[in-house]
Amino acid sequence: MTKGRLEAFSDGVLAIVITIMVLELKVPHGSDLHALRPMVPVFLSYVLSFVYVGIYWTNHHHLFHATGEVDGSVLWANLALLFCLSLVPVVTAWVGDNPRAPWPAALYGVVLLLCGLAWWVLERAILARAGPRSELARALGGKRKEKLALVAYGFGIALAFVHPWVSELVYAGVALTWIVPDRRIEHALRTR
Amino acid sequence: MTKGRLEAFSDGVLAIVITIMVLELKVPHGSDLHALRPMVPVFLSYVLSFVYVGIYWTNHHHLFHATGEVDGSVLWANLALLFCLSLVPVVTAWVGDNPRAPWPAALYGVVLLLCGLAWWVLERAILARAGPRSELARALGGKRKEKLALVAYGFGIALAFVHPWVSELVYAGVALTWIVPDRRIEHALRTR
Amino acid sequence: MTKGRLEAFSDGVLAIVITIMVLELKVPHGSDLHALRPMVPVFLSYVLSFVYVGIYWTNHHHLFHATGEVDGSVLWANLALLFCLSLVPVVTAWVGDNPRAPWPAALYGVVLLLCGLAWWVLERAILARAGPRSELARALGGKRKEKLALVAYGFGIALAFVHPWVSELVYAGVALTWIVPDRRIEHALRTR
Amino acid sequence: MTKGRLEAFSDGVLAIVITIMVLELKVPHGSDLHALRPMVPVFLSYVLSFVYVGIYWTNHHHLFHATGEVDGSVLWANLALLFCLSLVPVVTAWVGDNPRAPWPAALYGVVLLLCGLAWWVLERAILARAGPRSELARALGGKRKEKLALVAYGFGIALAFVHPWVSELVYAGVALTWIVPDRRIEHALRTR
């Protein structure tokens, strides 16, 4: 089975997820600069979530670029990832409306954690087809970065109850480590 | 006529249908955990509908993978299926808002039934081109699963007036039987 | 210049236009069957507009299937058509909310007329490249159907002020004549 | 790395950006012609923004048509452009609601300026791969048009505080100079 439509469908869902968040940036009622002030936290949470969905799109692009065929389990692992990512706009809006409350910051981390786990499952489903000795398996290696991110999300969730801003900084920090697309795959492809 | 654009357009519509349902997961007004409680039935109905649209996308992927060319009647049968699926977000929201009322649960089943019938028509339109002795016709076989699902939807609609939860369990049960993508086609393709 | 991205972008916009209309089918506040009654005209106008956008997608599919390369003027004629079609959801919602008022029915016809004119311009821009003696030019022929539709929209607009339902029936009638995809092109392609 | 998915994802995001603006064209509450009057400025700002997003899509189409491979920095420069363009619907709605206020007109210009800068960065990221002596580099030449547009946006922002309509006319004027797709690339491709 070819991967073309899986990529097209994922591109569609990710494009919508990344764009409907902008619907939360509701037009201010006033017409002067002060009217924009309540939008600042909503805007910042939009930026962070845009970067996260962008990271997933970039890595998705890399991962499937290095993948040949797909089967039913990859289709469903991919749908599970898209489901988790579709929850990002909801928690983004909640954090944007309540930037100083612990629960929204914690739930944002829970959704990031779910996305990270779904990504892990998707990688495993693809590797199960490619085999443990495939180029892709060697390229992905020990997955240290994935493990670190999951641990950091856990810390972020806990820190939300100490201070929400701290946990949001943790999430932003993890995003920074991922902005560079998955060099391992890119490197492996180049050396081929 | 090639099938490329039909697939691209269907991917677009299904990606939007599956994603706009998340707009119904309205951000709670409070900032603590209690504020999330009214979202639970809305969330559950979202999960069920996400799975159903995912099933249709997966089976659509399989069906057209095994199809060569398309004609006008396939284009319109496909548009009819997309129309029925576009009603899923509306009934999902209604069930999510009224999880204990009989009519929303019944109408949800009616929309599932319409989608099932439109799928049946689409299969027939494709088979009419491929011919009754084609590989695809043999792969789809007696369509026992399709028939069972339609009967189950009918039961679900009737049971909504006994107890809405029961009919929602029936719908979830049918979804489970479909999560496995259409193995018949996959199998037929492999043995080729 | 290749036509691939023009088709992909048009598929995206048409998929969104056809699907956001369903956002107007707002979830009824009650939970019984009576709550659905005010949705009936909204639903009917959704069906008509879905069919119209479906017709344009099908004919777009046929037209570009028979087209080789595109240039800047085709890109912009196509954007003008997409702009006109993007107004369909707005007038659909207005007609759905006011099924017995003359102005919404008339404006619906005006938008259909604009779409029809934009289609005409797009056909001309494509024919200007293909040349008057091309296969496509011969396939499209005298464009009797296009001319009739434009006249019918004009009648529909006028009749809205006599009785809105009559003009809506006229629009539905024109749609019926178009549901069959453009046989002329299909026929010309087959005889090739 | 191939450019196919970057184009598909960008098409998706641009299709959504260009279409969700129509959601701001809220259905008037009345049913006569007067009910449409408050929609006039909203409609005009929609037209202008549709043209701008159309320009970016057309030029994006041209730019990547002339590009071979892409790398991580192009992916992220492209995401930055999409982010800036995703802000267009927000400022469009603000201008449409407050056509005579200086701040919305100024912020509209700021977003246009950001899009222009992101475009510049994207061109540089692509040229960095293609090399300063590539065909593309020669085709893009001195970028006089880009520089003029950025200066004009700056003027537009300043003029918003003199009279908002003047700055909106400046933005519309810049759009007119861009409606012609990037002839330099088209010309360079033809002479090849």
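A few notes on this one:
Letters A, B, C and D mark the chains in the order given here, with residues in each chain numbered from 1 onward.
Basically, a residue touches a chain if its C-beta (ideal position, glycine included) is under 8 Å from a C-beta of that chain, and two chains touch if they have at least 3 such contacts.
Only a predicted model underlies this, so the values are computations on that prediction, with no experimental measurement involved.
Among the remaining chains, A is positioned farthest from chain C, on the basis of C-alpha centroids. Rotation angle relating chain C to chain D: 90°, from a CA superposition, given to the nearest 5.
Annotation: the chain B:chain C pair of sequence copies touches via predominantly different residues, less than half of the used numbers being shared. Inter-chain centre distance (chain A to chain B, centres taken as mean C-alpha positions): 26 Å. Centres computed as Cα averages put chain B at a distance of 37 Å from chain D.
Residues of chain B in contact with at least two other chains: 8, 12, 15-16, 20, 23.
Remark: chain D residues 1-2, 5-6, 8-9, 12-13, 15-17, 20, 23-24, 71-72, 75-76, 79, 82-83, 86-87, 89-90, 93-94, 97-98, 101, 103-104, 107 touch chain A in the complex. Chain A meets chain D in the complex at residues 7-8, 11-12, 14-16, 18-20, 22-23, 25, 27-28, 31-33, 35-36, 47, 50, 54, 57-58, 61-62, 65, 179-181, 183, 186, 189.
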